[in-house]
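Heads up, the next two complexes both have subunit A, just with different partners, subunit B and then subunit C.
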Partner chain A sequence: MKAAHAKPERDLRRHGFPMPRTAFVLLLAINVLAVLPHTERVPTWMLLAFGCVLLWRIQVFRERWPFPSKWLRLVLVLGGFAGVIFYHGTVFGPDAGVGLLITAYLFKQLEMATRRDAFLVVILSYFVLATEFLFSRSLYTTIYVFLVLILITATQIALNQSEPRIAIARPLKVSLKLVLQSIPLMIVLFYLFPRIGPLWQLNLNTQQNRVGLSDRMSPGDIANLSRSGELAFRAEFQGAIPPHRERYWRATVFDRFDGRTWYAVDDSVLVPLDMQQLEYGVRRYQYRVYLEPTSQRWLMTLPAAQVSGIDAKSTDALSVLAQSTLEAAVSYDVTSFPDYRYQRAGLNRLDYSRYLQLPVGGNEQSRQYAREQFRRQGSDPARFIDSLLRWYHDEEFIYTLNPQRLGRNTIDEFLFQTRRGYCSHYAGAFVFLLRSVGIPARLVGGYLGGEGHPLGKYLLVHQYDAHAWAEVWLEGQGWVRFDPTGAVAPNRIEFGPLDSTTDDSFLRESPLSPERLRNLALLAQARLMVDYVDYLWFKNVASYDTEAQNRLFRDLLGQVTPQRIAALVGGLGAAIVLVLALSILLRHPPARKLDRADRLYLRFCLKLQQRGVARAAGEGPQDFAKRAANTLPAQAADIEAITALYLNLKYAPLQKVAHFKPQQSNTGDTLGRLEKELAQRVRAFKPS
Partner chain B sequence: MSQPIIERLVKAVGAILLGKEPQIRLAIACLLAKGHLLLEDLPGMGKTTLSHALARVLGLSYQRIQFTSDLLPADIIGTSIFNPGSSHFEFRKGPVFAEVLLADEINRATPKTQGALLEAMEERQVTVEGHSYALPQPFFVIATQNPVTQMGTFPLPESQLDRFLMRISLGYPDPRIERELLKGSNPRDLLESVQAVLTKDELSTLQKKVDAIHVSDALLDYVQRILAYTRQSNQFVFGLSPRAGMALVKSARSFAMVQGRDHVIPEDVQAVLGPVAEHRLSGARDITGHEGERLVDHVIKHVDVIPRR
Partner chain C sequence: MSSSMSTSSRAAESRFSALSRPVRARWQRWLDRRIPPGREVVLDQRRIFIFPTLMGFGYLFTAFLLFIAGINYDNSLILNFSFFLGSLFVVAILQTFSNLSGLEITAGTTEPAFAGTEAKFNLHLGKSRRKDHCSILLEWHGFAAEPRNLIDAEKIPVQMLLPTRNRGVFHPERLKITSVYPLGLIRAWTWIALDMECLVYPKPVVCELPPQAQQGGKDGKAPVPEGNEDFDGLRAYQETDSLNTVDWKAYARSGDLYTKRFHGYQAESRWLQWDQVPAQYAELKLSQLCFLVLDMARGGTPFGLQLPGVKIEPGSGPEHQKRCLETLARF
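Now for the complex of A and B:
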């Protein structure tokens, strides 16, 4: 009859251990949330598989379906691994690694039979979640990871509950408390824990489709870039911010032209900057650049630049190269000298020929035009350049992001037929014309401008600020910058790309781009605020690396020795523990001091205990006295007297106590006397 | 002064129900604390005998209702009957209008009928058709019930169990007493010979005296430690309520008086803790509602009488 009411026994092998419902719901939630940020990086079939596995898991929980058989699981896991490896073509690199991890994570759900398995899945969730930091370290990622972290911890707590149904709020509350408590320690560890170099080098070259300058430039490339509102870098200035027309952020130099595409000068052929040929000039700008990952080695600077705070090389082309391609955000300090002169003394032969390179044949009309024009200007480079710029200005050239497509002879078609182009068209054609009359020139790629931020002294440089201009080597002057775009659209130089095109082509491809909504004042302000928070995060947290840590240690310790670092970390850890201990102590003040009668009575109990009569915790004094008197009949009188005294002191009304010693009128005094008597008796009490 | 009376009470009841002095003392303590009493045991253990004996010894008018599954609320409270003489409806008072009401096998009646009785116990008055009728003073309910694991019963819910100050089980008599029982005549026959020991005035004086029994701070500390323990330990679904705490102190006072003391000591609390708390506690894995006993032992064992810190 009893059995009829009981639920049928759960078959552990088929349906797993009886997990609390709350824990199960939380577990499903964290499965989804841990994998969510990776969705772009894993093959689509894996997301489908993920959905199926979750469905299966739910059915198992509802005891509708059993766990899959061992063989099916084996096939699924091996198939999953093979699929990931096939998809990425490698087992190395973070993408493939995360893919394999997620596969294992996914199929572990299908054998979550015991509580231990469930804990393993929870631990794996932490791990899968943490791998997101391999790809992004932004503030928003961190906030997301933090929130999911609370959920994962809550799952772990919920799994430990024995009741089948608990309110979801309870584990969440405990988890939130735990995570919040761990924050101070986390901060200390983040800033101070010695950063040991990785034991293995993780190849973070993820070949993502990053938006940004490329090492080759065809007509229209920069125009494409100009449609992106993404941030390229921030520059935080000490002192004056240069005016817009001086904000020529240099990335690299393009020296080779094949008739259609310009190629960036190869990193390997670049020799270090010749310091002897460099004159600094008077003015200088000091700033720090926070550069978003580019997958290139170029560090954006205003020439001529001295870079510190990062391992970098200043090159002959006045560009600065990092040691390796930048797959994560970096920051570095720069001192720039805007009035520099370089290579006034002359170019070496190799450079001379490099900056005069032209493809054999093609664009004949342009070459012809250049030669005629040069002759007409008396073969004077300065006057020739002047005439070219005036030509750009006077003729019907249009500055647009939507130039027509150009055919084989790009320069000819641009200069004499379409006359519609963007900066790369104007600068490219300009360099071509100069080179065809034997004047060394090169195309420079980078960014022009940057948006000032009202809250901080820093500039925001976006991808749409990408720009190309020309540099010409002139006898006696060295390299001189000319920006042919300025001759066509002066606004581009003075104010930036917004509204400087002569048609509405700017940013036409992203209708939701914040740049479009710039005119709404409130929105613009919100956008800048968001960026400011992002900037602070990046400046203070995401860009904190070994270098920054060393700086911090130097500031804090003076001389950096392992002992001092250990002392600092240990000291701070101790301080945190001390604060926690104090707060616990203050929140739970120690219980009232033990009453004197209690103390005496406990001593009496101790004496009896030594004789083998121990009082149990829940044994009342009277019961204990009876038992003790039975065991030690010789002391029965003493035991009863002491117990009676104690009971009267503790439990009897005051009148009764007074009655106990009738000669005392003052009850307080009586209590004292009683206590004294108890003390004497307890002291004298010697059970044998 | 009050002590001889109480001892006489105990003796008089003890003459009928042999060998159950501790339970008799608890039952008397319960009634002196103005509490209702629930006697729970298997049939034939002397529940009815004890309740009869108590009623007679206290010298109060008493009524007995045998609860059955078809008993209706009106059978307890009374009904309005049309009087042809006065051509009015007259209220005929039911058995509940007695000073001592013996509700035999209370768990055999339907919840509706149980509810009517338990409401009367709480309010100490009965309302029928808009008229309130006060119940006599004093008013005690001594209910008996069989353990709920027996078939065909309606177990009382926790909220209604709470109306009873104490729940007492009698248990099997020890062999020596049982032999005497087997030799002698049926105790129920002796009931007739029992004389009232108290007058109504004496009873109300005794009840007033309960409140004068001294409870020291040290004792309240102990009671609070017990309450806190039931609330914090994971052995219980829920801890003891403040009302249960008040019932505990009141019962301990009354029991101390029955024991002839003018102040309460921890042993009094321990003695009444079972009867007072068992039916109000249920264990974390308790299905039958009868784990209270084991839990109370657990509480007594683990809560220190003397503060350690």
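Now for the complex of A and C:
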């Protein structure tokens, strides 16, 4: 007796089960594919260990090696955990968490003996895969995740089907069908399932080194940033897009200077925007910003800005701060008033002293120069500023990304020795000079410009658009923007950074960056296309949140009440499940399609039936032909010819074709000719 | 194999006995109403039960965790991932149900067995619609058959070996048909009562053939002409005669072949009688009689069977043996 056949499932579960080969191959594949995007969350040497683990598991499957002993497994997995914790220096945060998760996930392979273990690996695969969205929410990540999801589902199918050996395509096909069937309901749930706010606050500090503006600025900082082609944010406009020279995207203001480094104004000292002191002006721009994560609280806007759609506050420095640091992409709506005036009436004492602050000593030559120049211009701030900008323009100042290193007195060295610098040099020195003669001024950090997109009505702002400029408080005018860089390299303001440097230092770090290949029209178009798709994805899907859902509910329901929401979600969900159920349960595979010869022959039989010669059930074509010929002797020849052709087509050629295939390439033609003839004869056949 | 089977059937029994008798009876009545017995059963929604497996609950828990993570990290794509898992679960319910529905079970033949051995129950699985059925598990009376697939074939035979315990007419419990295909998250199952029975003969128990009773004897009964007990005389050899019966001495003497002729007595055929077997208890008596019937049938001697109220005239051959065994089984 074949004992294995009768073994109850319970026994199999206890003693391990014969893992189908297909399931095993799929399990290894999903292991590798689920971990692949996470390779940077674990130390590099761990990848080698993972490789060994998989190799060992393969050897176990081939029955060459046994499973490692319990103690060895324990040592291995604890070692792995220790490695990850040491690597990250913490057990908290998504990076360390995911690192630990994938370590447990891969080492689980070494004790995957039973069906239940295999299932646990599948469940862990779902987890590992889903965590990828913590780090990236792009369309391309989503596509990858869904492709791996199809594989995971196929693995589950392969684990549950009973044939020991099947082609890998079968579970894949079934899996694809199941995944496609689940997508409609998923979409309804995604858009309509009521979103609720976070249940508890999480501190989501990824340790990724983000490229972007920081809260301090030393000479050369922005120059480094300018070599990055990464996207900073997108701004989608309703109505007019501002011209290039008005695209001063403000992030923050730097108020303190220690002789070398400028520090951003501290969040805690910022007071809310004084609405009494703000005059909006006539023109306005309306747009929505899709901001990539920055790990800072700044929301990029064109001042003066009113922000909605996100929890944020407008500050006295005309910057806008989000509630917490931005560790994930966000989007928000802005209305900007480019002709604003702020604090025309005057600065309070505190602000006045803050924006005049300078270190006690140092940079004496610059101070001296400023004082002399100020006196020469009759102590008139406007004329003084004008003379400074002219000085920048007329003297041998060079706008470059590769300024020389500066020593202790950075301003002095820059202004009187090297004279080579980037925007932060020019703007920083400018503010220094103004402050040293008692004119309140501040350094502003942000982005200048943005690349228009041909398809979408939006601007792409990259890290290389990072910029620093100055703001000066002038009596009767309030805060006025001056961009000293424009005096040195006017192209920077009018066209952007690509054409403005006088040497080829731009984007030095990424020789293969697409930016570099911008002149190639086709590539540029492809790049913009890719960005457009990603933009649409982010705008419509990835950034869909409670607020967007409320908007949708308002559009769909008019008046939003819990009952109406429940009716909408329940009704639509039930409808989809019903359609799904009907299609799965009532749809049967179609009967085997009749081939052309059968159809023609049936038509022939129908014609005979109309003359009263019906083919009996189970009557063969030849018997029927004999009978029909006897009844209708006039058509005997036709009947025999059609029957012969039909039989030839159906049966005789099958063997012949199979037999002659190697030599004869025109068998298809022969069959076609026979079929054509049959068709003609059947059409012409008219029993009287 | 037999050990694993007996443990599982015992487990099944204990599961049943855990239910109190009236509850069990009501359950059976309900089942009979809902899924009436028949020779041919097509599974439909009235007959199929469905519930998540342990793995299904684990899967739902995963989806729930991801849902919470999506909410807390304010990550719409992780949230979407959990919605996908939920949707896939709904599809799995429908697919698992669909995998079982439309399956046609037809009762086939049965083969009798001796108590304690396995009775063969033949049945057929078929497609009532054109769709495939995968990984169908059949469990019947503690016997679990290897999972079956109906993919290319329209109909497949399944042989179930049901362990028997007591002699008599064996009506197995309901046949349980289960499938967790395709994802293993949902179990769809049904209990169907197939109108099938088989006869279980008593378990043969070895015993001595009781001494021939004298109430028959050589006298008083008509001789049977072609018997082989007593020598009658010689007749000319015919080609159909066995060479064993040739009188070789006469051949040596005369050179002609003669066949020795015997006659038997009807009384000489054995009677297997209720009173004569050594055991005290009825079941053991039947078991011993069963052994004797088999023993006699192997020996080729005609025999009769006499039980209280039943009498089978002596005879031989497989038909006779079957008749005797059936009588013992049904007694």
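The working rule: the second predicted complex is superposed on the first by the 558 of 688 C-alpha atoms of A that agree within 3 Å, B and C clash if a C-alpha of one lies under 4 Å from a C-alpha of the other, contacts with A are read in each partner's own complex, and residues count from 1 in each chain.
Operating definition for what follows: a residue touches a chain if its C-beta (ideal position, glycine included) is under 8 Å from a C-beta of that chain, and two chains touch if they have at least 3 such contacts.
Since this is a predicted model, take the numbers as computed values, not measurements.
*Asks:* Is A:R390 touching the first partner subunit B, the second partner subunit C, both, or neither of them?
*Replies:* In the superposed model, A:R390 contacts neither subunit B nor subunit C.
*Asks:* Applying the touch criterion given at the start, work out whether A:D598 contacts subunit B, subunit C, both or neither, answering first, second, both or neither.
*Replies:* After superposition on chain A, A:D598 lies in contact with subunit B alone.
*Asks:* Between subunit C and subunit B, which one touches more residues of subunit A when both complexes sit on the common chain A?
*Replies:* So, of the two partners, C touches more residues of subunit A.
*Asks:* Is A:K676 contacted by the first partner subunit B, the second partner subunit C, both or neither?
*Replies:* It touches nothing on subunit B or subunit C.
*Asks:* Please indicate which partner A:R376 is in contact with in the superposed arrangement: first for subunit B, second for subunit C, both, or neither.
*Replies:* Neither partner.
*Asks:* Touch test for A:A616: subunit B only (first), subunit C only (second), both, or neither?
*Replies:* Touch status of A:A616: first partner only.
*Asks:* Contacts for A:K650 in the overlay, against subunit B (first) and subunit C (second): which applies, first, second, both or neither?
*Replies:* Touch status of A:K650: first partner only.
*Asks:* Look at A:R64 in the shared chain and tell me whether it touches subunit B only, subunit C only, both, or neither; answer first, second, both or neither.
*Replies:* The answer is neither, since A:R64 touches no partner chain.
*Asks:* Once chain A of both complexes is superposed, is A:R408 in touch with subunit B (first), subunit C (second), both, or neither?
*Replies:* Neither partner.
*Asks:* For subunit A, what residues appear in both contact lists, the one with subunit B and the one with subunit C?
*Replies:* 591
*Asks:* Which stretch or stretches of subunit A touch subunit B in the complex?
*Replies:* Against subunit B, subunit A makes touches at 590-592, 594-595, 598, 601-602, 616-623, 647, 650-653, 656.
*Asks:* Within their complex, state which residues of subunit C touch subunit A.
*Replies:* 1, 4-5, 8, 55, 58-59, 62, 65-66, 68-69, 71-88, 90-92, 94-95, 97-98, 101, 129-131, 134-135, 137, 139, 143-149, 161, 180-185
*Asks:* Going by the contact rule set out above, which residues of subunit A touch subunit C in the complex?
*Replies:* 1, 3-11, 116, 119-120, 123, 126-127, 129-130, 133-134, 137, 142, 145, 149, 153, 156-157, 159-163, 174, 178-179, 181-186, 189-190, 193, 195-200, 202, 204, 328, 541-545, 577, 580-581, 584-585, 588-589, 591
*Asks:* Inside the complex, what are the residues of subunit B that reach subunit A?
*Replies:* 214, 216, 218-219, 262-267, 270, 299-309
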